[in-house]
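So that you can tell them apart, the chains are marked A, B, C, D and E in the order they are listed, and the count of residues begins at 1 in each.
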């Protein structure tokens, strides 16, 4: 599947109320053209399976009347599908369980990113409440690094350079420091630790903020874990092998059942079953499909909003 | 499905002992009219499938006797359902697993809201025990914001304005402050932090209360995560596509089996299978079906009860 | 199902070694009379299904020989069960998954109650180690409320009044205080907080004990969550509808297969399948089946044992 | 199943590298005599099912030729297995899900015991780092009780008396104290608390060690929860009932299919299916099969190793 | 399966972007030669099953025409596969659930190793922020032990000696100390505790770092738990027994269906089904397949990077 198609089909976006409304309506079942892009990921295979069915059909309509052995023989026609029936369970279970394992990875990745949101919000909130009036520079620096924390982690995971949005958040010397590190999320953790160590004297509060920084480091580790470990390759490979063999031999059983409709039937079955396997494959590396850029932008926006509202809030609570 | 039907059918309510009694009795299986409202979500599709079955029936009873090719031929009648049989397992697994993923999202959302209950109860309890006698204003303010915390989160999730109940809980200047924020649950967190920072001098106790506030922020993040991320769209779309294709071709196999009963059989099967898929879709966005308003009211009631009982309790324990 | 039968069959009890021994022996498969009580929950439905099978039999043996149309026709007899076969997966999956969701709720409820055990044990242990010698009254009061904590939560969940055992644990004025609250577990939490606040001066230790109290409040919230939220009603209703429709039409297919044995076959199938669904329903509200009263008694006994042993222990450790 | 067989077959042992090597080799599939011991758990039932098949065979070969009604009639022979086919799915799901619930219980019990390992290791480590030089007696006492903690919990769960290994670890007066308690793990928790309270003055470090003690108490609670609660009895009973009924009626369908091979086929099927159910039953009470005694010995060994190495380590770090 | 093959096939490696690209492309389904190595694990069994099919074929083509009894008789040919069909559910469920339990163990092991990453990163970060300027030696020592922590745990699990990389990280006297311990991860924990106790005076910060050390100890315990406990042996054995018996008898049913194609069909089915079981077996002991050496190298590299960057960072934050 070309990168283009993959993106058009599988990249998630932030879901809105209108999306949910559409999803719940009966219109969700209406055919759209997404199947073209799905199919583009494995149409060669579907053609291959249909071709096998066509060849079997030609054999029976062209060669058998001219004396070629009539195999499979007529009398087994009604039971020939049995070897397929008794293995269809194992195949379906294997594919659907594998898809669910991929889904669990994807959801865990989403949850870890949710924690990055939470960590930056909590750090800024705690700094707001606990940093002294005189620590304005430290507070501003902490807000800058919290705002950039999402971008830094994203750049680390996607091996891209830090984008212009992130560069707009940090000061030049901070960017230079960051560039000198190989593992940049750890650098962000170190910087945040140093800010907290310099601005919070009380060890209890310092430890509470350190908890949040440790969560950020743990989240970075969890993202790396998901990205650098795939579902055991032998599992993926055997599922694929089972599916391809099963679909390759299926036309022998379909011919007696469907006659010349069997190439169509075979193609439809191949599309449906390979589609199930394909879902699991496409979401197995979740950072490829999650709308990471939107997430990073929201993290930055939330951190900056807290900094902007800071003055008003303090005065307000003091009055109370 | 119109919004009305959706609500009548899928909105949860707080379950009472009488509900449980009914649920456990044999009467739970008695047919009621809910199937009408369920069906209203996809009756067009059921009609469409029945229509296909009718057309196939007409073809065989009207056109075939007048010379149209008798397809599917008689001799395959007894095995034509096989392609459906060997894929029914994959289809059922796909639908039921998807429904369970939706259920897991729904239950997680419910659990997160349970934590909002807990957080507000714990904050008020801790403030009651740890705020000094002279911090009456701070205590009252904390109670007000805890009581409003549920409404604030609900309004944030459902993009509605803060309702009148919540407005009755907060002071006008507090409402104005809240209105100036874009992300209001963070604002509530900031306010609670500031109250704690001003009223609790001991850093250990302050950190313990901050833990609860951080849980509130995390819960808000978890709600956003669930609401703004749906199950990967390709998964939902492929399940729907599998189901629609499967049901569209099924009447070809049913005709030989059921004859003119096949439109009815097809309609019943379509209703049962689409109903399973429909459950998963309707509960996928849980904030649409959970009785959020009741939850918010209970949060407010519990917080206010603690404030009301405060005096009596303190005296009582001092005596002991 | 009458309340009596439900209790005889579904109420759990604390499992002993003898129970485990019986469960592991081959005798566990011996038929006993529990099926009578199980059946009492839905025997009307089983009779209804058997009746349908009888009516179909009468139609074929009485009316068909006298000229009534022979439907279903003979030639489809061998495939008429196919619509049932291809939906049996979906039905079985739906029922078994639903049963497992109920089981997960039941086990979570049991785990939450396990935490109530732990919380009360830990609170008493911490008070024993950290309360000063002069805080005898506070220690005694904490033990009393820990001992009663289980009863208070049970009474809150089951909407019953506090039983005589709990009333024997608390002093009259404490009972009066408790009665004045609507949400009594919160009241217990407040009292425990106040005791700790008055007896433990060190804020670190106070926060550690507060952690345990917060766990008690969270457990109360978790119990309420499970009790006041059922599995989405549309899910339960659709499973029931699927099952009833499936079993209602099944006799049409069974007649050709089993002849006059079909009423018996239908009744047995109905008993087995409705039994599976019934398990899920009966354990969905776990507080109805868990032996709550035994749990509360153990909580009280453990707390009182610590108080009783207190003196001996202190002397003993001091010597060491 | 006699206790002997159960042990020979189901008791786990600590897995070594050689075990893993054997498990991964093709030799794992070679038949061994374990099936004899497995079968010994339910051979009476297998004989009973085979007997039914034999009686049906005798009926058809002896009585039918002499005029007994030929039931099931020949013409349904090819479809009589259908009622079994459409329920085999529900039966298999029920059995396999139940087995997995048992497995989850077993693994949770193993994980809880893993935490007992961790707790004792952490407590000894913390005491080593935080107890003063002058607290040698307290340190020794803590090591003794940590070393015995596993044995105490095991004795509590298995209702046996404390074994000689544990008695060798504790002093006589400590054993007397322990014997005076009904709930001995709580006693161990109290003693550990008292030691920490007397040796660690800093409340922060004391709270950190208390966390570990609380984990021990929680683990004891979790073990009790698993041991004193079985999977709902109605679930176990209905699975057994489903299986027994299914296998009892199966020979009627098997006769036409397999003839006189049907007693053998029935016995093999009964052995395989009852074996699946049996696994779930045997591991449902995990403390019966886990090698608890080895675990307790390792706990003691690890705690004593830390005590032995203490001197060397301290000097070493001080130098650095 | 020889150790060589196992490694070539099942050892995981750190997944790169190119791997993910290949995995998502249609080329993932192309046959490669991995099936040769997979097959090498159980080819004897596949040959054995094919041989049975050949013998049955010879019996029917050689002996039956010469008067041997024609068993299975012709008239049951079309239903003889039924005993296999009705048990194929149970077999498939058993195998796939077992494979998923193995997968869960493997993923838990990976997650635990992810925590070892996090722990060492957090410890170095905290030491960087909280150790005083004068504690350079302690900081260097902590970095050394954190860098070696992965290697120490790996050596403990794989019963190998500490490799040369680890020996390059620690000083000779440190290696000697380590060698004197039987349980080396506990030794590493003790050393880290002692360093923290000597360098951090503030008890709050000391407790925060102790939390991370406790996590390391817990991770070591979790690794031991996974490595020293296999999925209950009776479960593994019964799955194998079910599979072998099922495949041994299958050729009797296949002969009538496939004729002389049945040895091939049997071999393909055996390869596919035994392959599923084999996956579960090969990943059940995860430390055998995870790229532990790469992980340890990354842990060391990250720790050393923080130490290298220390000076620059401190100056930088002080300026701000």
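By definition in this document, a contact is a pair of C-beta atoms (placed from the backbone, for glycine too) under 8 Å apart; a residue touches a chain by one contact, two chains touch by 3 or more.
Please read all numbers here as calculations on a predicted model, not as lab measurements.
The chains that touch chain A as well as chain B do not exist here; no chain meets both. Two copies of one sequence, chain B and chain C, touch each other mainly through non-matching residues, since under half of the numbers at the interface are common to both. Between the CA-based centres of chain C and chain D the separation comes to 23 Å, rounded to the whole angstrom.
Separating the CA-averaged centres of chain A and chain C is a span of 37 Å.
Of all residues in chain E, those that touch two or more other chains are 78, 85, 89, 93, 204, 207, 282.
Going from chain D to chain E and on round the loop of contacts, you meet the chains as D, E, A, B, C.
Residues 1, 6, 41-42, 44-45, 72-73, 76, 78-80, 82-83, 85-87, 89-90, 93-94, 97, 101, 137-138, 141, 159, 173, 177, 180-183, 186-187, 189-191, 193-198, 203-204, 206-207, 210-211, 213-214, 217-218, 221-222, 224-225, 227-238, 240-246, 249, 281-282, 284-285, 288 of chain E are the ones that touch chain D when the two sit in their complex. Residues 9-10, 12, 14-15, 17, 19-20, 23-26, 28-29, 31, 34-35, 38, 77-78, 81, 84-85, 88-89, 91-93, 95-96, 99-100, 103, 106, 110-111, 114-115, 117-118, 121-122, 125-126, 128-130, 202, 204-205, 207-208, 212, 253-254, 256-259, 261, 265, 268-269, 272-273, 275-276, 279, 282-283, 289, 301-302, 305-306, 309, 312-314, 316-318, 320 of chain D touch chain E in their complex.
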